[in-house]
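Have a look at these structures, which come just after this line.
What follows is a pair of complexes built around chain A, which joins chain B in one and chain C in the other.
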Partner chain A sequence: MRLINQRLSPPALLALKLAPFVLLIVAYLAGSAARLTDNPADKLLPALSSMATAIDLMAFTPDRRTGEYLLWTDTAASLQRLGAGLGISTALALVLGIAIGIFPAIRALLGPFVGFVAMVPPLALLPVLFIMLGLGEISKIALIVIGIAPIMIRDMAQRVLDLPREQIVKAETLSANSWLVVWRVVLPQVLPRLIVSLRLQLGAAFLFLIAAEAISSDSGLGYRIFLVRRYLSMDIIFPYVAWITFLAAMADYGLDRLRRWLFPWSEMEVGK
Partner chain B sequence: MTALTITNLWKEYGDQIVLENISIDIAPRSFVALVGASGCGKTTLLRLLLGQEQPTRGTILLDDAPLPTEPGPDRGVVYQRYSVFPHLTVLGNVMLGPEMAGSRVWGRLTGARKSALQDRARAMIADVGLAGAEGKYPAQLSGGMQQRLALAQALMMQPRVLLLDEPFGALDPGIRADIHALMQRLWHALPMTVVMVTHDLREAFTLGTRIVALERTRIRPEEIARYGAQIGKDIAIWPPRVAGGGTIYDNPALRDDPALDTLIAGRPDSIERH
Partner chain C sequence: MTLSFKNKTLPLLAIIGASFLAAPVAAQEKTEFNVAWSIYVGWMPWGYAEDTGIVDRWADQYGITINVTQFNDYVESINQYTAGAYDAVTVTNMDALSIPAAGGVDTTAVIVGDFSAGNDAVFLKGGESIADIVGRPVNLVEFSVSHYLLARALDSVGLSERDVNVINTADPDMVGAFQTADVTAMVTWNPMVAEIAMLPDAVQVFDSSMIPGEIIDLMVANTEVLDANPDFGRALAGIWYETVTLMTSDTPEGAEARAAMGAASGTDQAGFEAQMAATELFADPAAAVAFTASADLADTMNLVRAFLFDKGLLTPTATSDNAIGIELPGGTVLGDADNIKLRFTTDYMQMAADGAL
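Take a look at the complex of A and B:
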């Protein structure tokens, strides 16, 4: 049988899905054990026990100086920035993307401009943002928005343009004016795509968040990682990276479930 | 009653002439089948009637008034594909037109107006044979059911002109025969003029009152861009079908006409179902 036609039993599928994760953990444990036998004070690949101690210290023990539980205050600070950045970007993408996609005048006015702005490397603008907006929350949120909004706007606009012209004409013959075409025909059909677009930009949003926090902040997941880097505290950095990855994966999964729940028809259209 | 009058119509895209000097009067309540080879401008003519595109030269009159320059509710349309909205259920698709006509901001009706419209929509859905499918999405319907839905959706607006762009071209023969019967029944029942683009001559003769063939007469490579399609044949169906009234078959006096036998021969479907 050709490899492309291979049929796998459910247990085999599960085993294959889990294999890379198991392999990664085993490789880490082996490497860690080997290094620790050579040098019990090794900081590069700490043992799981020392990571557990570090997690306990960060997540379940109040900080000696501030009395806060650092992992949770860091998470809250980061998620607030991320949420604000993603929220603003999504709103911009929805409004500007649909406007560019459906109104010829706005497409002429903003289409090329947004395409141009999307090419500005956002991290190169970070110093400008810090200088103009200060070192507070606004500059970090602004970096996320500048980083992902143009791409989301372009994606939305393209999605609107991809709607068959027949549908728009059909809506006109059903008495729709411009606004009703947007409200009853275009908007509901691009909302599922907006969620997909948001999912695809989660990784980039985290990138810009952590970059901004690394440079100037006094809380946040990125801030903590770059702070403890000075002490080579891999026992804290590894759990923090795993936590960030977990948060991003959950957001990704949750958004997909949200799309299926809100727009059941979007699932049926797949492959058509 | 709605008549369409096309006078000296030309349509050009840059140097390419697609339609050349088309003039035709379409009587109220006719069912015109527009036939012709692929790429001869049938669909372009339909788009011009829809108002989606503007003629380069010439005029189109709808009841002696110039045709509006954009699509509107007086002209309904059913395409071969993309005729219904994938994000709305069958009921939602059929209600959409009157909802948007009745509520210009939210596009949704409430209360008594909504329930009245729902009743009307359900009746229309049952009329086209989709009863029981009200809650389904188009993706859950077969091709034939989708086209029935598209007809129901368009007819809710009570258009004066119904434009059909190869609406049944992608359907199986059996399904197509059923939907032809539906189409004919609707044309008899509702006060509308129908213009249908088709490449299926059999379909054209089954449904139409008049067959109009677009033809390119000059097809040498150096001529093809500079000469558009013209009306090559314009055939009135005999025995004439009359919307709402029926045909010669409903008028026994005409049955003795000896010409009838030859006309019926080989065309069992011309014994109308109404």
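Take a look at the complex of A and C:
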């Protein structure tokens, strides 16, 4: 039998799926044990028990100074920034993306400009943003928007351009005007794509969020990681990274469910 | 299939994992040493010594090799040292205790190079004294010597950190941040202090010259490596005192050295000399020995460890500021004598003072 036609039994399938995770954990434990034997106070690869202590300290014990539960205040602060950045980007992508895709005048006006802006490396703009917008929340949200909105706008515009011309001509022969074409032909077909586009930008949005929080902040997931990095507290950094990954994975899954729930027809397009 | 896969792979992987991840410094005689340093007025001599061959000359004298590496990121250089990639690093007395010592790496201060006497400062916009800081957001690098300076400044007028709101801000962005409207109080260090002092609305209300001798810049080395290779410590002391003698001398060569160090730290000879004026540099090894052996050092380290414990930086499980032992010259130990992780010694500086290198 050819390898490409191999049929795996369910246990084998499960074993293969779990193998990379198990390998990673075992490699970590082996390395951690080796370093801890050499130096019991080693901070680089802490034992799982010290990570558990750190999680307990961050998530379930009130902070000595402020009385807050740090993990939850950090999470709330970060998710607010992320939510604002993603919300603004999505709204911009929807409006500008469709406008660029469907109206030739707007395409001429904004198409090349958005394409150009999308090439600006956002992190290089960070010092400028902080001077112009201050060190508060606005500059952090602005960084996320500048980082992901141009790419989402371009994606939306391209989806609109990819729509079969025949559909639009057909709508026109049924006497639809420009607005009706946008409303009835374009929008239902590109909305599911907007959510997919948002999902693909989640990782980038987290990257920009953490970069902004590292520069200046008094709470947030990225803030905490860069703060404790100062004294090499990997026992806090590893659980925080795992938590961010979990949040991003949940957001990704949730958005996909939302798309299927809001736009059931988009599932039928799969594999067309 | 599943079983054999697990049986063979896991032990193999454990071996690979162990060999890749575990590379601690072996405590034995060796001939090659790695030293890390970062840009700061009191540490520029290390870069200059490397560039002008002073390092190689002293290393050759003791038959060893010393690789001097400059880090653009101070904290990363300490983390690399703590992880075991470097044998010695430039660090302040506070960070030496909170990073390598708290990370279980037994560390010895080979050279006490200088202490800050104005290189760290508190700035306000629209205020006259440190008491005007009440209720303001204060931008600083949290848990750094700036944070310590703020705590000491607040303490000097009977305030505490509860009276302000600390905002962690990255040091390269300090000067720009000070010029934005929502920043009204800041604590930072040189060269940023010099830049901010020139801004029209900046009022310097407190600086490290008001707590002389508390923020100390050191060259520290891994104690095990040092004990097994005392020649490494001798070479470091030789390099250091030859270079600082040169840089503090009022000769054309001295001026040239100051100009080169100024250029390397992003300023010029005049700017660098202004920073040196805010630094109490121990060019004379006998003065460094006297400072290190004095009883004031114990008072300073008591303040520092109390601050670090209060901030939760003396290991997360510490129950008092005695968690880590600090050995002073003469054998006095502050804190846990069974867990000494930071040691001050005058041995190598004394050899330099005696001309015994």
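Following the convention adopted for this analysis, the second predicted complex is superposed on the first by the 272 of 272 C-alpha atoms of A that agree within 3 Å, B and C clash if a C-alpha of one lies under 4 Å from a C-alpha of the other, contacts with A are read in each partner's own complex, and residues count from 1 in each chain.
Assume contacts are C-beta pairs under 8 Å (C-beta built on N, C-alpha and C of every residue); 3 or more make two chains touch, one makes a residue touch a chain.
Just so you know, these numbers come straight off a predicted model, no measurement behind them.
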Clash or fit (per the criteria above) of chain B with chain C on chain A: fit
First, second, both or neither for A:166, with chain B first and chain C second: first
First, second, both or neither for A:158, with chain B first and chain C second: neither
Partner touching more residues of chain A, whether chain B or chain C: C
First (chain B), second (chain C), both or neither touched by A:265: first
Inter-chain angle, chain B to chain C through the CA centre of chain A, in degrees rounded to a multiple of 10: 160
Which superposed partner A:73 touches (first chain B, second chain C, both, neither): neither
Which superposed partner A:185 touches (first chain B, second chain C, both, neither): first
Partner chain in contact with A:38 - chain B first, chain C second, else both or neither: second
Distance of closest approach, chain C and chain B, by C-alpha atoms in Å: 40
Chain B and chain C contact sites that coincide on chain A, given as residue numbers: none
Chain C residues within the chain A interface of the complex: 1-2, 5-6, 9-10, 13-18, 20-22, 24, 75, 79, 82-83, 98-99, 102-105, 137, 139, 141-144, 161-162, 165-170, 173, 176-177, 179-183, 312-313, 315-317, 341
In the complex, chain A residues that touch chain C: 9, 11-12, 15, 19, 22-23, 26-35, 38-45, 50, 53-54, 57, 64-65, 127, 130-131, 134-136, 214-218, 223, 226-227, 229-233, 235
Touch list for chain A against partner chain B, complex: 164, 166-167, 169-177, 179-180, 183-185, 188-189, 263-266, 268-269, 272
Chain B to chain A touching residues, read off their complex: 50, 52, 70-73, 75-77, 79, 81-83, 85-87, 96-97, 99-101, 104-107, 137, 139-140, 153-154, 156-157, 159
